[in-house]
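Some structures are shown below for you to check.
Here come two complexes built around chain A, the first alongside chain B, the second alongside chain C.
And now, the complex of A and B:
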């Protein structure tokens, strides 16, 4: 019983999933700055694009909101377990499920934020040159932000099965 | 890794790339050039230019205008934009931007040395120097008598120092040696710039090697044509060609033995990208060659803007501005000398 797998399980049950979700959220918000820098530069020469291109930055923020929502949902799933049942297979499964759900959501948000940031910078630059291009590139950006949504859906499905053993 | 630079480019270079693209959209278009070509006097040109981005630079000039004033003010605008970009840039972009100006530094050095040889005043020469290529100790170039002194007194502190290792001799400076020195320095500069771009990797390396290879080949052709009939031997001529580019090494062997323009044409027509340039000229004519080369260069520079997240857009923008200033100079000269029929001989439209 006292093997490396049990010390992992103990670590899992002791490290709050909040750490993982917090890391995921922080990274995905930070990545939105990549796209915002290009927006600032392009807006100097063509100030008319600022208000429309804030949509790109808002997409990045939406990704961060996904992370917060999943963190809150998973937080409601945390429950106290009696001492004898901490290493029960059922509770181990619940712990792993919550961990996996957070990792999925965190990394999907990271990649989605990266994607939306890059496309957002191209959108700002091309809008500055030719305003008919804005809507066309925005459509591509919408497809990119769907990646974050996929991550949230998969995370919620996995964590829905995380039930703790009865007292 | 080619393809992943998109993830981190915007952190350091995103703002400046956006500024460069904004500046590029303010280059003069064909419609502007047509308006300028219709002008009768230099004041008309000034009026047309004041509607473009050159307005603030030209509006305080009193009439009568000279063509040199127009060119000087336009160059001043380019220098201001360049300095703005240089102050905002981080490594390696700042090194890249500095590399772009070394060519002008070489031209300035040669200008001052030649002028001193012909006993001109140093102040007058300093005013004629290109502002992008100035460095601190440039005025002391007038003191040097031969190349070793030139290097020891002045150039060892400048970025041009490593390019001098190939051309230090103890001979005195005269016209022929100065031209050879200019070309040797430029060859070393191009090769150094090429190596630097290869080290940067990614899209920058790919696009810049194409642009620099075209520059190297164009200089090789110009050196060949200009040295036909002079005392420059074949070996010396071959030493002035750069060690990269489409023509290296077999094209260089053929160019080194050429004795007239038709042989040059024969050597170049084996390379499809240059064949299209030479097919625009009829036999025996070389005046239009410069314009044909400029047109090809402008086409390649405009293509470099099609990709995002690389540094070649900065190089391309500087070159396109310089071409625009050349166009303005030609138009102003034609208008000032009442030769408007020749205006379209040398104006290269950018868009």
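And now, the complex of A and C:
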């Protein structure tokens, strides 16, 4: 196959790595906040509101904060590169590493937020029925929030290698 | 009210502590963080920030579990009255039947 002037390989090589990095930082914080907002509300007619019911809300908030942490880490990794080295292989690698790290964190937080939100609403409902069920469903929720944690850890490890070429 | 205050404090801590850890590493508030390479700074600042968020969550859960259990949930009195009335209504018509059943069994 002849490499025409508009093949995918050439297109990817011509896009600046900063594009990927910037889009990725936006995805990381945006999608994880989207996931954190998935605390599907469950309203019960129970006169008591104690701290136990708010634990699910705290878990969802932690998901959003993971996104913020990774976005801040990644924006400290953006360095200026001299004009001649923008399309250097090393700088392309740095751009892709930042992009990959952000997609990982963004989507892991999205599903983690969905999971924690659904579990949290069922936790509130079952607690209103029978108070002994609360701790059991809380344990499930802790496992659910570990999903977001995995994404953050992998994202941080990948982004630690993203170094731009020196001048 | 106390519940709200505890929740707001926990939320505020969850935001400020990891960001403070991150900035501390990048701007050399912690002694010795200037000598680390860029890679290790990223790794350690990220891991410590995530651990600090989880510590705040654990502390909040512990303090929530220690709260004294509030008074038992009283069912809505009108609902209770309706339920009792419907049960009595169901038992009422059937109380006349056992005598006729005994007659049939013989």
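As a working rule, the second predicted complex is superposed on the first by the 121 of 167 C-alpha atoms of A that agree within 3 Å, B and C clash if a C-alpha of one lies under 4 Å from a C-alpha of the other, contacts with A are read in each partner's own complex, and residues count from 1 in each chain.
Rule of thumb we're sticking to: contacts are C-beta pairs under 8 Å (C-beta built on N, C-alpha and C of every residue); 3 or more make two chains touch, one makes a residue touch a chain.
The structure displayed is predicted, hence computed values, not measured ones.
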*Scan A:92 for contacts with chain B and chain C and give back first, second, both or neither.*
neither
*In the overlay, answer first, second, both or neither for which of chain B and chain C A:133 touches.*
neither
*asked:* Going by the contact rule stated at the top, is it chain B or chain C that touches a larger number of residues on chain A?
replied: C
*A:111 contacts which: chain B (first), chain C (second), both, neither?*
neither
*Identify the partner contact of A:122: answer first if only chain B is touched, second if only chain C is, both if each is, neither if none is.*
first
*Kindly classify A:103 by the partners it touches after superposition: chain B alone (first), chain C alone (second), both, or neither?*
neither
*Jot down the residues of chain A that show up as touching in both complexes, chain B in one and chain C in the other.*
45-46, 128
*For the complex, which residues does chain C have touching chain A?*
3, 6-7, 10-11, 14-15, 18-19, 22, 26, 38-40, 42-43, 45-47, 49-50, 53-54, 57, 60-61, 63-65, 67, 69-71, 73-74, 76
*Sort out for me which residues of chain A touch chain B in the complex.*
33-35, 37-42, 44-46, 114, 117-118, 121-122, 124-125, 128-129
*chain A to chain C touching residues, read off their complex*: 45-52, 54-55, 57-59, 61-62, 65-66, 68-70, 72-73, 76-77, 128, 131, 138, 149, 152-153, 156-157, 159-161, 163
*Complex contact set, residues of chain B against chain A*: 6-8, 10-11, 14-19, 21-23, 25-26, 308
